[in-house]
Amino acid sequence: MTRYGAQFGPDITFLGVPAADLDEPATYADADVVIVGAPFDSGTSHRPGTRFGPSSIRGTDYLAHDGSRPHMALRVDALQDLRVVDVGDVEMPPGEIEVAHAALEAAVYAVAQTGAVPLVLGGDHSITRADATGVARHRGFGRVSMIHFDAHADTGDIEFGSLYGHGQPMRRLIESGALRGDRFLQMGLRGYWPGPETLGWMAEQDMRSYEMTEIVKRGLGACLDEAFEIALDDCDAVFLSVDIDVCDPGHAPGTGTPEPGGLSSRELLDAVRRICRELPIAGIDVVEVSPPYDHAEITTYLANRVCLEALSGLAVAKHGITHDPAGPLLEGR
Amino acid sequence: MTRYGAQFGPDITFLGVPAADLDEPATYADADVVIVGAPFDSGTSHRPGTRFGPSSIRGTDYLAHDGSRPHMALRVDALQDLRVVDVGDVEMPPGEIEVAHAALEAAVYAVAQTGAVPLVLGGDHSITRADATGVARHRGFGRVSMIHFDAHADTGDIEFGSLYGHGQPMRRLIESGALRGDRFLQMGLRGYWPGPETLGWMAEQDMRSYEMTEIVKRGLGACLDEAFEIALDDCDAVFLSVDIDVCDPGHAPGTGTPEPGGLSSRELLDAVRRICRELPIAGIDVVEVSPPYDHAEITTYLANRVCLEALSGLAVAKHGITHDPAGPLLEGR
Amino acid sequence: MTRYGAQFGPDITFLGVPAADLDEPATYADADVVIVGAPFDSGTSHRPGTRFGPSSIRGTDYLAHDGSRPHMALRVDALQDLRVVDVGDVEMPPGEIEVAHAALEAAVYAVAQTGAVPLVLGGDHSITRADATGVARHRGFGRVSMIHFDAHADTGDIEFGSLYGHGQPMRRLIESGALRGDRFLQMGLRGYWPGPETLGWMAEQDMRSYEMTEIVKRGLGACLDEAFEIALDDCDAVFLSVDIDVCDPGHAPGTGTPEPGGLSSRELLDAVRRICRELPIAGIDVVEVSPPYDHAEITTYLANRVCLEALSGLAVAKHGITHDPAGPLLEGR
Amino acid sequence: MTRYGAQFGPDITFLGVPAADLDEPATYADADVVIVGAPFDSGTSHRPGTRFGPSSIRGTDYLAHDGSRPHMALRVDALQDLRVVDVGDVEMPPGEIEVAHAALEAAVYAVAQTGAVPLVLGGDHSITRADATGVARHRGFGRVSMIHFDAHADTGDIEFGSLYGHGQPMRRLIESGALRGDRFLQMGLRGYWPGPETLGWMAEQDMRSYEMTEIVKRGLGACLDEAFEIALDDCDAVFLSVDIDVCDPGHAPGTGTPEPGGLSSRELLDAVRRICRELPIAGIDVVEVSPPYDHAEITTYLANRVCLEALSGLAVAKHGITHDPAGPLLEGR
Amino acid sequence: MTRYGAQFGPDITFLGVPAADLDEPATYADADVVIVGAPFDSGTSHRPGTRFGPSSIRGTDYLAHDGSRPHMALRVDALQDLRVVDVGDVEMPPGEIEVAHAALEAAVYAVAQTGAVPLVLGGDHSITRADATGVARHRGFGRVSMIHFDAHADTGDIEFGSLYGHGQPMRRLIESGALRGDRFLQMGLRGYWPGPETLGWMAEQDMRSYEMTEIVKRGLGACLDEAFEIALDDCDAVFLSVDIDVCDPGHAPGTGTPEPGGLSSRELLDAVRRICRELPIAGIDVVEVSPPYDHAEITTYLANRVCLEALSGLAVAKHGITHDPAGPLLEGR
Amino acid sequence: MTRYGAQFGPDITFLGVPAADLDEPATYADADVVIVGAPFDSGTSHRPGTRFGPSSIRGTDYLAHDGSRPHMALRVDALQDLRVVDVGDVEMPPGEIEVAHAALEAAVYAVAQTGAVPLVLGGDHSITRADATGVARHRGFGRVSMIHFDAHADTGDIEFGSLYGHGQPMRRLIESGALRGDRFLQMGLRGYWPGPETLGWMAEQDMRSYEMTEIVKRGLGACLDEAFEIALDDCDAVFLSVDIDVCDPGHAPGTGTPEPGGLSSRELLDAVRRICRELPIAGIDVVEVSPPYDHAEITTYLANRVCLEALSGLAVAKHGITHDPAGPLLEGR
């Protein structure tokens, strides 16, 4: 195996799942999920550090790194009940965003072609342009809807003279046709960006963005119900993109552009679990985890658990469930 | 312009709004809101550091410091739709609290006389004695009610032999007649201070204090409804004083006397927005932000957003609103 | 007095309550509550540091360390209305867990024999094996039910070849007969540990474990109602064990094995207050506070307040209450 | 005993030495050294936090807090061979610098009158105005020379409109006649403050200030030799004032106004040891330790050891020495 | 003025010196030194964060930001005795290194053409390719020698597939002919990079690199003497490039690729002072300051002082000196 | 391979060297150096955290983890020129120090029997009892001398009732006969522990301890010269034990019992290089690295480089050297 390994630091896999090699498709041919590291932070408009996201998300756990994580409530062991492999990082040169994105897109496309779900560990949000395109190239442009958790719409046009930063990927994905604007569901937006012009462009695309004021009033559950219906209308699958800054900075300080007033970690974990359990998932990314700004690893723990809830939801989707996860934990054990 | 600038560190303005000069009233004569820095932490009874509050609140944002902040949900740009200027800091000698308070009171009185709303960036809570008095001198003693977010009542009599620390301003304001005890609304109190004697004094003043147990049981919204009614009864205007420690330490660690069990940042932001949108505001302060105890700037981000929600609420109050902020974000854009 | 004092750092007492000496029973003979430090972190399976828990919990407060804490909402002063003394730490050699546990068990047993409630400040959760056994030896094996707040079930069998780490105390307590499995109430479990085999063992013991999914769906209040009923069925008293990691890492980062998606600090404080007010308490421990991983002391503040809410609840239980704590704070003052 | 104790946090003594009570002179009548806490940081011109200096310096040690510290190289146990007591803190209201200084001066004067050496734990450097005056009142104005370790001359005239901040104490002491300018020895100055006018004033007073360029060229030992000669010329005793920022920020980050390019901690410790061993010491203060800016307690450890080296030097001065401390450690043991 | 200002955060100038505008040459036409911010960290091979270097270096000082810094030992006030202006940051898009470098090179060339010394605040070391080229374009390719303080040689060929990262600038500068290899003086190298092949290339270029083993043995002063001679041989001027990681990580933790065993901050400050005082300086950059990894601002303080020592040295070079800086500080004042 | 891997966190090897399996001697049969992790911190008397030392020392480097580290000054690549393998951690149950030590001793003995040098990554210093015994069992009791860098003598008798903590290993090693007291060389001792009784015991054993006062006076080089002579007198080999707290806390904050006034990192690195180059090394340990107390990884970087300097010295010892490392770096390349 000539696996690239890690761009920064020691070569490890997500919680000890088997390593695979991007250049040897046989090593992940029969995988349900393939983990891909995208250690890139040159798309960020403010605090960097997400280049260390992949290694931190892979390695932050107090439990043994043994490739097994039995979910108490769901009664599945995602890392065992699914075949999950980790191909390591894609090399993404920090100063060359187009080269970096192209490499990631190619990697994700290769994974998607096998039928596996790519689970991409960012990296800043600019990488979604690449990884969602990689999925769309396999599933068909316009055939995949997007559920996007974020404080920010990421639909800007240009920043610092560049088209490809972490504030612009969603615009680029819609412009290219990879994703449909009217199947783009955004959860958790808040704050003072973008301005009216960009929001106008979003409205023209028929995007559906749930700002926190709406979520607080209606409840996240009701918003998700509505979003699920849109997502499944004339699309074959769903891409889930989780920007950790959708959570309140108190729950996720380790990120580049924190915006107060967000979701709690519990809300995010439950939403991700539900999405992956109930919807046909084509790809996932978890982004904007910046370890240099984290404290006591609380943000990287959260991101690791977002991955595990997603994987556990996928395992339930595949194998079914026989027990109500909200019922007594030990009932029928 | 002979503007004093910043007492500590470089001279900047709040998110890039225009600078004005306290000594030249023409520079802020037609302002809607005048930002005043009160970099004073010698009133604190425990952890200091709020002297760096004004510069941190002014300068903490990942967005461009360009004097524009379009609010997605409210569809106003407070920094553009209002005329907001920043006169910099008042020089407040750390070891001389009476001199320091007098200087702040004079500055706030000068601002209030123009009809503008002073938005004072603390500093510890002792400064409210000065800034609320400055407002009351213009509006009339007893004509301004107070809505006060805090974990603590701040109605103590003496601490360390001093009458003027951050645990005593509310008592001094009522004693002087600047504010009426029976139009004093406190939100978010909790914990083990003050003791029965002081609480008895507060009851004698007919203060209305909402402890967290009541808020949890009734809901913050219901408590605010009730408080609004009291605030508007036979008073002309409202002073809003936000002690960041009203939030739970998980949401606002960077403060001097953290008390577990408080509001979430979402709850505070929504309450501040609503108050400034619905009530006639005469003055605002945001206090007890202590950057040395902060992590990843989460407390200074929160305080910056408290200011922006207040300003955005004021902008709505001035210009009106045509869209339900809890409705779909892009509807009618 | 030949009091041992503190194993690590200066000898202080909990917020200035009187010191007592374990070796001189007369010094705590008539106490209502005896505080015992258990500065032990060699049972932890991951991040250490809880050896500094006792001193941090005792000493973290911005208020005067004067042995008085009037509770605003409950209108009791637990440190005055109860006789609370602090015997300092038990010497617990870090590398010798059986010696350490034996010493703690003996100390707690000595305290329990006087009729006082031992309030044990951990230390990691392994100490509960010792302290709950100490209480059970006095109250009778099987006569004390357990309410256990935690992200983890702590019912493992062996870790790192040892039977006595912080993942195993609850199993050991049930195996020894000190506590009954069917009077073991667990609140706040979540995540990916333990696995099916251990959960099966727990089911066999008729434990009742409330995982967060159930708590979110039913509400913590309803779960507690149900738990109280079980706890009081054919048992004489209740042991309350609070692992601070039951809270979300955003509220309690300073702990060894943080698990995202937990309770808020408000929820924990209210639950502890209610338990100690409504149930016959035989012993309490507060564990897994690891200052090296804390920030701005937010976790040690929380733990200190968990103790104060527990003590205030006990004071209400002893002296009664005449005012609704959820009513207006100043009413009838 | 009605001892005031600690102004902030639990009441502890320096490494467990006996407590005494300022108001009961009998409790320290026969002491060699009396430790006094001066928890005051309202004189600082920049980063605060030195109010927590006294408790941190007293309590930071990994060794048992048992009132014994045998010095390996000097073969004395300062805390046993001298009678050292700790009277706790002087209450110093943060916002009232003149009140605060007067209280400290009175306390130090009371101590000095007994013949004991006061060892004052600051606090910011403004306190030296008070404590050195307290010593001079007993020893006689102009009879005590000063050896002053600092990055800064602290001879400013006015800052923020105040005469008494931490940049001015040395000027005030010379102006009042408490200390003679021509017996004022400053070690370690560097940087860009004060300006020519103040330096001119210093020259007029015949102060002798060793800037780091001179110290690097000549060696600290040679500079000290010269300074000792001046200090002992027509003066009866020496006051030693150690501002921890004389050390390089890499060795002492926890301070308010760090200036790169200072002494190493080894150099400072050796110099302090030598001064207290060789000169007739009338008083000592250790100032500008700001725990909020410290990391891993390295600055408070250093300040604690500065105290211990000073005390050990005093013990040698009193009891003599029989072994060369630079000789083999175990020789003749 | 249409000055770009700051790419990240508020627009400030270096310690309050006058602002100028790159696009309006008249604003800096007669300057002695022009400060240019290069907030770029996408060239780094490991820990990022240097994008915040320019704002931190400009704004970190406890003294007033008043455009004046009288140097005690040198008796010059560089910010007054020289005309120093600050043109703010060059916009450098993080993901587009060639665009970013081109913009910086153009800015520095514009500055150099006026005859002023550009003082560039990095940013990672990749920017030296741009800024030294900008200077060389004005002074003539091969006419400027280089004195380069660094733990690393920065002469690599390719990293992550890129030619332009922070490990390669010195190779590119020599390859392009901008600088001569045989006038390239490197001070402070150490560690395990680069390997023999690159060292062989360096030897072929006749570079002169002083590894720490040599510096420790011979003394930094002797090495500098030798280096000065080479630097002045058939070159017109000197470019000084200071990578803050030349200092030991204990003195400069806030950097991306720390290498233990470096210079002390004192050694660096003295060397920079001497170089700027004794050699004809054509340009300066100070790079690799990464605030997210700093503690208590010690690294940004050091970098600020490196700039001030450089500027003070330049002021001495221009105005001469009449007093030995290693003599008594107050002599002749 | 059934390699145990890492007790805490992901399984990695030292900078990417090949993994081996303790249970399969063939995997390390022909190694020159075998790296062994001893993740144990239950011997510490104060701040814990060294359990994370092995993983941090293995994984902290900004360079590629590729099993190659060409040393610029020595012109060897220790990881290539020697056969270095990493057998991962020994499982050391935290609460059972005797079990833990026995496991480590067995592992080190197994390694030593192959003729390889064990390089043990601690862990607290208690592990030296085990690893030095493991080496002595192979080399012969009394046949290996010890060079011990430390702030502390570690010759205590009992602490917290235990014989085996990190303050006692050197006494136990001499008592058992594994090492000779008169071939025990200690470098860097300082401070206030141990007391006269223990120092007397040390003198009786004819130990030679270099306290910092002696080292400062004579120079570290002269002390090492003398120590080398003793070490080689009637012994076959040398064990090198490096407690990172021998360095000043400014250079190594991440440790449990920091003692101000120590060596610089440069001094330690040069001394280790020299020892491993000039003396016959039988075993090495690097201990007391506590990542929770580190900042910006400066202590783990230092420990990693201590290992690399040791390995590079061993490589020179094996292969010889042709170039003076203090000569010009590029000379003869």
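In this document, chain identifiers A, B, C, D, E and F correspond to the written order of the chains, with residue numbering beginning at 1 in each.
Everything below uses one rule, namely that a contact is a pair of C-beta atoms (placed from the backbone, for glycine too) under 8 Å apart; a residue touches a chain by one contact, two chains touch by 3 or more.
Just so you know, these numbers come straight off a predicted model, no measurement behind them.
Under the contact definition stated at the top, the chains bordering both chain B and chain F are A, C, D, E.
Counting only chains that touch, the fewest steps needed to get from chain A to chain D is 2.
A rotation of 120° superposes the C-alpha trace of chain D on that of chain F, rounded to the nearest 5. Between A-E and the choices B-D, D-F or C-D, the pair with more than half the same contact pairs by residue number is B-D.
Of all chains, the one whose mean C-alpha position sits at the greatest distance from that of chain E is C. Where chain C touches chain D, the two copies mostly use the same residue numbers: shared numbers make up over half of all numbers in play.
Centre to centre, using the average C-alpha position, chain B and chain E are separated by 43 Å.
Chain D and chain E have Cα centroids separated by 38 Å. Annotation: 40 Å between the Cα-based centres of chain C and chain F.
The set of chain A residues that touch two or more partner chains comprises 46-47, 248, 250-251, 264, 293, 295. Taken as a contact graph, with one node per protein chain and an edge wherever two chains touch, the assembly fits none of the named shapes, being neither a line, a ring, a star nor a complete graph. Chain pairs that touch one another, listed by label: A-B, A-C, A-E, A-F, B-C, B-D, B-E, C-D, C-F, D-E, D-F, E-F.
The residues of chain D lying in touch with chain B in their complex are 7-8, 41-44, 46-49, 51, 91-100, 126, 160-162, 164-165, 292-293. Partner chain C is touched in their complex by these residues of chain B: 45-47, 189-196, 199-200, 202-203, 207-214, 216-218, 248-251, 253-254, 256-262, 264, 293-295.
The touching residues of chain C, counted against chain D in their complex, run 5-6, 9-13, 16, 58-59, 65. On the side of chain D, the complex with chain F involves touching residues 62-63, 68-73, 75, 77, 248, 250-252, 264-266, 269-270, 295-298, 301-302, 305, 308, 325-333.
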